[in-house]
Amino acid sequence: MSITAALGDSVAGVAAEPPRRRARRAHLVLLGPGLIYLVLFFVVPVGALLATSLYVPVPGGDVGEYQPAFHWQNYVDALAQFWPALLRSFWFAFLATVAALVIGYPMAYVIAVRARGRKLLQGLLLVLVVAPFFTSFILRTIAWKQILADDAFVVTAMHFLHLLPADARLTATPFAVVSGLTYNFLPFMVLPIFAALERLDPRLLEAGADLYASPVTTFRTVTWPLSMPGVVAGTLLVFIPAAGDYVNASLLGNNTNTTMIGQVIDARFFKVLDYPTAASLSVVLMVAILVLVGAYVRRSGTEDLL
Amino acid sequence: MTAVLDRAGESTAAPSPVRTPRRQRRRLGDVIVPVFAALAFVYLLVPVAYTVVFSFNDAGKTNLVWQGFTLDNWQNPCGAPQVCEAFANSLQVGVVSTLIATALGTLVAIALVRFRFRGRASANLLIFLPMSTPEVVLGAALLAQFLTLRVPLGFGTVVAAHVLFCISFVVVTVKARVASLDPALEEAAADLYASPWQAFWRVTFPLLIPGIAAAALLAFSLSFDDFIVTNFTSGSYTTFPKFVYVSATRGIPPQANVISSFMFVLALAIVVLVQVLGYARSKKLRGR
Amino acid sequence: MTSTSSAVTADATGAGGAALELEGVTKAFGQFVAVDDLTLTVPSGSFFALLGPSGCGKTTTLRMVAGLEQPTAGTIALGGRDVTGTRAHQRPVNTVFQSYALFPHLTVGENVAFGLKRSKAKDVAARVVDGLDLVELGHLADRKPAQLSGGQQQRVALARALVNRPALLLLDEPLGALDLKLRRQMQLELKRIQTEVGLTFVHVTHDQEEAMTMADTVAVMNHGRIEQLGSPAELYELPRTAFVANFLGQSNLVAGTVTERLTKRGLLGVDVRGTRVLVPAARAVRTDGAVLVGARPEKMRLLVGDQTPGRGENVLGPGTVTDVSFLGVSTQYQVEIPGLGTFGVFAQNLVGGATVTVGTSARLAWAVDFTFGLDGAQARDDGAVDLDDEL
Amino acid sequence: MTSTSSAVTADATGAGGAALELEGVTKAFGQFVAVDDLTLTVPSGSFFALLGPSGCGKTTTLRMVAGLEQPTAGTIALGGRDVTGTRAHQRPVNTVFQSYALFPHLTVGENVAFGLKRSKAKDVAARVVDGLDLVELGHLADRKPAQLSGGQQQRVALARALVNRPALLLLDEPLGALDLKLRRQMQLELKRIQTEVGLTFVHVTHDQEEAMTMADTVAVMNHGRIEQLGSPAELYELPRTAFVANFLGQSNLVAGTVTERLTKRGLLGVDVRGTRVLVPAARAVRTDGAVLVGARPEKMRLLVGDQTPGRGENVLGPGTVTDVSFLGVSTQYQVEIPGLGTFGVFAQNLVGGATVTVGTSARLAWAVDFTFGLDGAQARDDGAVDLDDEL
Amino acid sequence: TGSPSSAASSAEDLSDSDKIVRWANWTQYLDQDEEGTSYPSLQAFEEQSGLKATYAEDIDDNDAFFGKVSGQLKNGQDIGYDIVTLTDWMAARMIRLGYTQALDKSRMPNADNILPGLANVDFDPARTHSLTWQSGFAGLAWDKERVPGGLHTLSDLWAPELAGRVEVLSEMRDTMGLIMLDQGVDPAGSWSDSDFYAALEVLKEKIDSGHIRQVRGNAYTQDLASGDAIAVIGWSGDITSLNYEADDKFEFAIPEAGGTLWSDNMMVPIGSPYLSNAEDLMNYYYDPEVAAQVAAWVNYITPVQGAQEAMMAIDPELAENPMIFPTDEILSKVSVFRTLSPDEEERYNGEFLTVIGA
């Protein structure tokens, strides 16, 4: 199915060098609406958020009342208190990304390479990857919670088979949170890798075989490096939302050793009404992600990816 | 997967005693990956299956424990208060934000690929930023902004927020398509007396449709399933994921499962239909 | 096939093409000058071929004529009208692109109709049918380009351009993708169409044989400039630079110094490593000092054993036959003469295969009248493709 | 260039290639039989060319030899060892792919080193350098394939295969992307390498001229079967089917009926629309009934005005010259003889351009000795490319 | 997020032109019919009043809900609800901040049916801005099969054999209140920071050690049902409801040291243009028979006098249920968490959230 194929494309697409053109200002007409939108609804709000991160409480004011200031100490305080959650977020996001890669790559490989030329099968498998998007992800997460519950089949069976110590459990653990993250962002890993693999010329694999490379060697020396753009795109698309997620942590974790920064930001924002702290944590999170992503993209040599 | 098995079978056709051990290894190698992938698909679909199964649960106040099979929920999917309203809202938000984001994003994508201008790099970065911003941050920033502007929260603000995070995905998707489009085609159109406007509508646009459709699909699924940003920017406006999240605290009505299952089946059906139609058409063409 | 072409010629915009004039046209990409001060006139209704190595600026020239690229300097006139500033879609010019550039989402018929619809022509349907018949693809009008073979696609591209009856048709390697056989056939086709419809064709090609078979006038381009321009026979028989001599067919070139001028007989005596070779003065670019003496391989014959040269023939050698290639129609010999290098000799297989074997000692003889003289300052192998140079 | 090839020959795995034997090899894709019961022996160290129209099964045959495709039936032996079931990476065979299939993420040098590293060869670096020098790309070792021109890419593909010194090298249209000039030059190169290194080459090509220049043995394939096999000169001079006659170069074929057998002189008398044409009986596929009488264009000459045929020549005509094409080396004439069709005549431009103009009345003469006779039941134009047929 | 907005004032009342009323409530907090498809009492109200009522189960957490609407409330904007139902302390904050509209009691004759104990509360002395919706206890709940001995004190909850199967509420006042009571501190009294932090220390220790599996809101009932939790700090009505489906599997008790009592209060937010309609609705639910109908379904303490009598007609057994109609003895065992100052509230809330890992 071309739609889903292109959908994969999306994220792995490496733009070709743009042709030189006479400037006819046409680009302003094309870009204008979109960029103005982004400025209005992204740049300005994020700017405001930045400002908020420096606010101080109104002296003697009620809960949630703040006034403009340049109180950089907010950042120090916020980090001093919440750095464990921040680090944990990146750690969980990293684990989820690796897990999604390990699970998602074979899926993408089977869809793109093994099912090559079988359009119906390919389309079906692709839609099976995307379709969970259409069943609310909260429902799915809750379903996981029920499936992995202490009294449910999986845990009982594992206890019975002694795969799990008798007092161990699966829900409300870091494991549950990471697997929830992995699960929920898996399609974002599969699609770009699929797109990259689909573009892989099967003749290159034959060339590898012709040049004495065994299937495993061919994979290592040809398939894997050529799917790198997809892998990079996929890892970014999993890592970024996972690092900022709070739904999985609050539904599947909810303990101090699973607290993620998203939960903290949400709680500071909505429950404590501590806007400056929430804002400064947001800014820190955003900057940290940008720095990590920038370094990663540069290292993997796929700058023109995005 | 049948493809793989077929091929494995094919390769073992010719007999030769020396090859036996090698053949075995090969068959193993050919099978491991698909089996692993199949397990991954199971992993991906188990909760979906759970959701579908519990849409048939004869549930009471909560839908946590299996109480018995019933078709009632499917016969009366709007039975639970608010569920259909939330679903309709989600559809509405999804469609409207998809339309806007797709239109804006497509234009930006064309400009970014086809033109070289000063500030192109910054424009690219601006597109990438919302994608790399965690949803909590986006939601929080937007909410603050809407409050400052005293915009009443509701449909409008939700759409505005969804358009924001969809645009980036649309741009990236369409960009890949535009980049793979041969610029010579537009030149050929110009050469054949088509004005720039005509060249766009008659050549560029039709060729971008698959990319645009993919982008729209992606945008719709992102919007339809979004909870975090929606939660910040919706005020009292309820979308389907928000409804599910809120009702999750006490028990999600089975009707929510019905609607989710329905969407899942619908997505499958559409793809199969598109495939079958496309197959029939190509067959007809080949037949001629 | 000929019956349908009437629709194409019977056009109101005037049968026959427009003359094309380039005046001092230059195109620079940044620092790089792709086309350098090009001045050129293509008479109306003629078949003009632009020939040159890869990257010499042929496509760029065509794109400027089509209006897809603006010249950095100079003017382009079409039928006497300056079109330099006119945009592509407003020029009565059509191009058959190197890559066809067929619209993949349109059927063959719709592709061909595209230009007609844009120019609001009447009888679009009838003209599309005629155009497709012209290239013998009438029965495939409903297919999509992806369902055609390369050769068929190329013909659709041709029909799409021809059907508009442009004053000027630009062909950018329109036959590059075809195998030799089909290519020759299409060449005859194209030539026929051009003659029948009377359009002005500017044809770009890598293939010198193609240029020579088809064109009235051939221009050989190199590094953005035109090296020589003339009828195919003129260019072939009397190249004026080593580049042209080598690029257009093969040449045997050998360095020498003019030592005598036999003014009465109109000949120059050239000393080639001790052997005197005669060159008609009228066929020499310079008449003194260092020259390159040249002759085409098919003009040369092998003198084996005690065979003697005829009257009015130059002789070189003896040398040794180092290679014999049977080409079917002809046999190619390589003869190495110590100190002078390797010479190619073609012999038509009028009486079957090779007559001389490798290792035979032989001299080379050829008519003085077909000898040409070039500037000795040029490299002997300029224009002969060097393996490292074609990027 | 020659100095570096020593590394390639000095290989421990044995200079010289392995013999290839196909025995009843068949490949069916579903219902469609792409290769049909092919039996073939390519002697060790020979240069074997496989020639045939698009889709006739050449690539499929090569892929089966390389191990990239399993035959439906039959066996493949290499150097006497049955390799039918061996997997591609375990066969001492390398392929230069029609599409190059260079690894885009590796540099030129890494591409060339790929096979060596896999087979754990020693001196990889040195051998890569040698291999690249062999194709004169030593200076581009650090580039990525995308930064090379088509011709350079093809040479990398060649080097990548050659450097492994395979017992058998398969070349699938390895020169398809090169322009005529470069192509000829690479042909000489390839041939030289093959002779020097002594490998066994199987070369697939569309281009009959290429096959004939390079190969020791040529096989003409059609519809998955081999139509004729032999040395280039043999195939060219004495085609046994109309397909071969037309596919390999041009042929003038005309239908007639055997009316006499001049057994003593070893000739057949054939009646061609009232004219008697003589055919050597040994050069005829059948000696009675309907036959096709053929002769190559370069064997024919024009008799204009009162010129008379020589002894032992057949004559047809008179007809009218309808086209004159100057090809540089030679001139091609088309002569239409009423009732018999159009005949092609090549004349080497031994003395400059065309000697006969369009419209001239001329007869055709050619030596009886170079006439051949085919089965009259075959279509005259079998194997001549028809414009609508190449999909 | 600026200075307190005094500009926020009641919106113009459009009740006469638009016959609608929009009500935000907690989930499962209004009687439903058998299929769970409609709210009988609300339907009756619509028929009777001619108003179209929109009922949204949009509240799952006081803080979260307030956090989402506070910005609009500060601006005096319509938040999309005409009635919101929030717990005492949050109601106190709403009223203190001026985010609610004054009720016209003359239009609400039934309002006088309010239980005397609820008629005067410190945050809304004459009930001019709020009316109680339901009240309930926080106490201990457990799975009878797995905790055969039952729970009597908070220390029972900390028994080692329950480790990892215990959950407490994310509602600070309930969880902290129970711990403080266990430590001998009356949360209704004037306790100090140190009392609070001492209790918090206990909580922290139990969470960090993994004894407490999760800290949850309403969703703890799901964990009880699925077996992930077998002993919890929970709310009275929930357990009653849960038992309907789980065959009386669970039991609820107020700890010996005492439990907490809380109430949820209906308020009309500033910016709502349908004050009169909202008053009509509140008035309706203060009818004893309607109140009994609701209480019979939600199983919480109804604030309406006469409801117990009305309940006799519906379900005599329920009328005797002390969790719906508590006896004085029970009431003497529970206390209401005292109102916190803004400063205390921010600090305690922040610390509490940090400890529970949200």
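Every chain is named by a letter (A, B, C, D and E) in the order it is written, and numbering of its residues begins at 1.
Simple rule for what comes next: a contact is a pair of C-beta atoms (placed from the backbone, for glycine too) under 8 Å apart; a residue touches a chain by one contact, two chains touch by 3 or more.
From a predicted model like this one, the values you see are computed outputs, not experimental measurements.
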| item | value |
| --- | --- |
| Touch-network distance, chain A to chain C, counted in steps | 2 |
| Per Cα centroids, the chain farthest from chain D | E |
| Highest C-beta pair count, chain pair | A-B |
| Centroid distance [mean C-alpha coordinates] between chain B and chain A, Å | 15 |
| Centroid distance [mean C-alpha coordinates] between chain E and chain A, Å | 37 |
| Whole-Å separation of chain centres (CA-atom averages), chain B against chain D | 53 |
| Separation of chain A from chain D, taking each centre as the mean of its C-alpha atoms, in whole Å | 56 |
| Multi-chain contact residues (two or more partners), chain D | 87 |
| Shared interface positions of chain A, touching two or more other chains | 20, 52, 146, 266, 269, 275 |
| In chain B, residues with contacts to at least two other chains | 26, 64, 144, 196, 245, 248 |
| Sites on chain D touched by chain C in the complex | 54, 135-137, 139, 148-149, 151-152, 155, 179-182, 185-186, 188, 206-209, 212-213, 232-233, 236-237, 248-249, 296-299, 301, 323, 325-330, 346-354, 367, 369-370, 384-385, 387-388, 390-391 |
| Residues of chain C defined as touching chain B within the complex | 66-68, 87-90, 93-95, 97, 99, 101-105, 114-115, 118-119, 142-144, 147, 160-161, 164 |
| Contact set on chain A toward chain D in their complex | 201, 203-204, 206-214, 217-218, 221-222, 225-226, 228 |
| Residue ranges of chain E touching chain A (in the complex, touch as defined) | 1-4, 61, 63-64, 66-68, 70, 93, 96-97, 163-165, 207-208, 210, 212-216, 222-223, 226-228, 342, 345-346, 349-350, 353-358 |
| Residue numbers on chain A that touch chain B, as the complex places them | 1-7, 9-16, 18-21, 23, 26-27, 30-31, 33-35, 37-39, 41-46, 48-49, 52, 103-104, 106-107, 109-111, 114-121, 123-144, 146-147, 183, 186-187, 195, 215-216, 236, 240-241, 243-247, 251, 262, 265-266, 269, 275, 278-279, 282-283, 285-286, 289-290, 293, 306 |
